[in-house]
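Below are structures written as structure tokens.
Across the two complexes that follow, chain A remains constant while its partner is chain B and subsequently chain C.
Entry: the complex of A and B
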């Protein structure tokens, strides 16, 4: 605490006795204060308003308005500002003094006056006034900050709600209950239909709740919806989410999650679960539950190289349900702090009820258990019905509509000399093929195919390099030196043309790639991997192409190569 | 795309880590990793492909050149953390006879 530095600059004395007034006035002036004088209560209030003194001495008995009434009025006019009011009195009986103080004064000073006591009282009340002012300032600041915070949270919540609830939670086959502990919910439920017709669902529970938890769900939701919309598979989506959360969340903040990829056509679900309680598959035919146990660490904990996004597969048929919940269910506490518990939940699951009754019973009994008790975690419960074929087909259509993904297409791409010298077409071409949902998963293989085809055309076609140069390690380096040199000095009029045709096929697609070049053609070497692989630094490209492509046709004189690349959806 | 290398504490294993794309575009970078290494011979090599997503036949040639540099028959070269796709490429070219593929 700072030392008392505060001194009232101006003191008001109200006393109807001129002699008493004068005595006190001269004492205070000697102590160095500026003094304002009033002769009665009415005048005291007027002077208080006009002169704004910071300390008031009031005689209790005055004409027009007595000290007690004057004190009440002055206190009222001072509002939140603490103005010490000290009664001047020769009263000695305790009840009168008590009445004075309870009416709004702060202390009293007995006549005759003692300058040491006066100085001490002024100092004491100045300290009080100072504390009071600090308190008032802090209160204002807190109020202001709080208003600000609530306003910020409301804006953030609007953004959050838009991002977190952008998908297909309104599908008729999804039923969910989410209670929020704070403005923001630490549980996040995401669902959307991918362009391949799979329903992707993710229930996440961030450590903690409120704003810190919600911050994590922003990247979670935007990656999820972005990637589901582009047709990425569940493993890739989880890897990307894990990677981003691992890099951005502070230590100790992570996300327990369960993710489902439900295919209506294949009648199966792929499940990945990390850290959330068991989820369960309800078998409509027998009204029993199969538990799905979490086998992985929550998202954000492992660096991506150690992260495994391998899902488990379950077959489904019409009338089955998937039920998942966050630990807020088991950990819901009643007034005595007793948890709802795993056992109560299991007993509901084992009642052999209709799926909808199971949902109602869980929510009903959890709420009854909590009663008037304090909620200390977010409670979420989700039920997904596996629909019959007709409804399933309707669900699938929600995915492909207006999503702007490449399906059937063709592309001719011709690179002239000036481009060939400097431009590397691989990233661009892979970017285009990535727009086909599902083909992206084959990017790694497709790179090899495209790279072999393109480099064949450039090296053997346009530049006319002979593979036989790569007979030795030194020749290998020489070959690439010549390639570089050849490209730098490439004459005008050379070109490589890449033609693509893509068609969607059952369970995947067929990509035809035709590469032509301006060269004289080349003779595919006969030296494809023979027994003597150790000293041959070339001849593997064609073998790779032949193995990876469904067909490979080299049209004489060798400056047109056509490859057919078939790909299948990830399963 | 980037290639980095590090020597083990005992100075006996040089690890070359490839990130992203492994093909002729990273030829010089790859070569300078091992040619520049001052080493006690004989040493072993570890080519870490954990982060390598794309690979073509020129990378196969580069690995063979490394093998030649490391002593051909007597070279000890491990290629680690291969994705299934990359393993497939090595299998097509019978590389498991020349390298330890992990």
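Entry: the complex of A and C
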């Protein structure tokens, strides 16, 4: 922004005395200002509006409208723009002077007029005018930013509500309380029934407040619902969430969370908890609580190689409840700033009440503690009833079977010369196999199997390279030089074919992978026994594959390899 | 010299310098405006019209100060104050004193015309 000069260029004089007007006009003109003249208050207001002077000298006692009333009108019409108003007066009594200033005038100029004093006053008020304009600009900017912020928060809340309420929070066995501010304080509650009939619940509490915290809950919610719908297990979901948050959230922003996988059929719950306060299992038979203590770091802190998503298992029976809450309960403050605290909460849990009364008492007492004062609480409390067999079976049906999840399928995928030269099929193939949750669990293993089979087909089959070249360090680089060269000059008519067949079994699934190539297969002179062949031509590669796969069959003359890869359900 | 007490010679010289060609116009405006205000005072004083006394005496006082007519400004200041306080004591005397001083000032200003 360029520096604006706040020296006024045009000055209004309103005075009914013609001699005084002439003297002041002459002085101001000599100082270099353009002067506008008025003979009374009414004229002064008219000239102010038509000529837009930036500075005003006003006689106090004038006909038609006196100086004080004129000052009020000019200030009102100037609005946010600061127009200095200086009274011209030889009034001496204090009450009159006070009246002049309280009406909005800014200073006095006494008679006889002195040019030095006049210039000094104009300068002093120009500085005030400058400050005032800076303030007005900043005020506008703040107002604009504030409107913008509120708009952003509204949009974020709408998006968030859509994502967070995509699941099954409305199930009759879930009862929850989240204060209005909780969402923007980073609390998030997600629940959905998986295709296997498990109810998955996640309560998260992001560090920080406001928009940054709410933003973190977007990937959390979309991964959670996406993976629950596809039937992934809790460990796999948590690993994926942790990985994404770890990679995307800035340092210092993380998510305390507790996740439950409740199986109605198996009458058990798997719990993983990182950083949130204890949750509790209510035993309906004894009206007592079993505490579940967090043993893990919050989500987003550890890189996935260090992240442990090992759940703890509890048996459940009809009438039991799971109760979980965020630290907003213990940290709810009264007007003196005193926290609700762990002890108060524990005493409610130990009262031996009916489950619904426990929920009501916690919310009631926390609210009473906070009082009617400022509501800046972020209280979240969730109660899940473990239903009887009949209701449990109904709950299981809420999860649609195999929503977007591959079951039995097969795939033939043939790469011709032009593709073999440039295309790496691994990401595409793994993307497809990942649609089977059980295979996704074993993604890295499957990657090793697939890439070993494919590379064997390309290098030994299509290109006919001998792995014996790789026995020395120099040979190793020679091998890769030959591979590169071979691919670049690959003749038409070369191909590699990848065939997949996947079938779901009662406890998991079986994936058959068959890789064929256009090569000649094994050299006949070395094909004494199958064991020797593998040893000579494929080195450790196939030996490793044998340990990973259920079976590995090489069909003579060796340009077709079939591997069977089995996966089992978690637990 | 009456000029010394009735008109400040330093201020007068400054005004002459400041107004240059407009100096005669200033004298004209001052004398005509003040004479008009005196005519209003002449009616207002016997009628004890304090508002007019306060208002017009204040006007003469202000421009007289600007012209350097210090003594006239003082007398008018007294009239203004009594008008404001609605104090009628000795108003006639003050008015004739002011009128006489105004005659003196006008005489001097007439001689200062360029």
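Everything that follows uses one rule, which is that the second predicted complex is superposed on the first by the 389 of 571 C-alpha atoms of A that agree within 3 Å, B and C clash if a C-alpha of one lies under 4 Å from a C-alpha of the other, contacts with A are read in each partner's own complex, and residues count from 1 in each chain.
Following the convention adopted for this analysis, contacts are C-beta pairs under 8 Å (C-beta built on N, C-alpha and C of every residue); 3 or more make two chains touch, one makes a residue touch a chain.
All values reported here derive from a predicted model rather than from experimental measurement.
S.K.: Have a look at where A:305 lands relative to chain B and chain C in the superposition and call it first, second, both or neither.
M.R.: first
S.K.: Of the two partner chains, chain B (first) and chain C (second), which one does A:483 touch, if any: first, second, both, or neither?
M.R.: Touch partner of A:483: chain B, not chain C.
S.K.: First (chain B), second (chain C), both or neither: which does A:26 touch?
M.R.: The second partner, chain C, only.
S.K.: Identify the partner contact of A:544: answer first if only chain B is touched, second if only chain C is, both if each is, neither if none is.
M.R.: In the superposition, A:544 touches chain B alone.
S.K.: Between chain C and chain B, which one touches more residues of chain A when both complexes sit on the common chain A?
M.R.: Residues of chain A touched, chain B against chain C: more for B.
S.K.: Tell me the contact category for A:17 with respect to chain B and chain C: first, second, both or neither.
M.R.: second
S.K.: Enumerate the contact residues on chain B facing chain A in the complex.
M.R.: 21, 23-25, 27, 31, 50, 53-58, 60-62, 64-65, 67-69, 72-73, 81, 83, 85-86, 88-89, 92-94, 97-98
S.K.: Using the touch definition from the top, list the residues of chain C that touch chain A in their complex.
M.R.: Residues 11, 15, 18-19, 22, 25-26, 29-30, 32-33, 55, 58-59, 61-63, 65-68, 73, 77, 84.
S.K.: Under the definition above, what is the set of chain A residues touching chain C in their complex?
M.R.: 16-20, 22-23, 26-27, 30, 59, 61, 88-93, 111-113, 115
S.K.: Spell out the part of chain A that touches chain B in their complex, as residue ranges.
M.R.: That would be residues 305, 424, 426, 443-445, 447-448, 451-452, 455, 470, 473, 476-477, 480, 483, 529, 533-534, 537-538, 540-541, 543-544, 547-548 of chain A.
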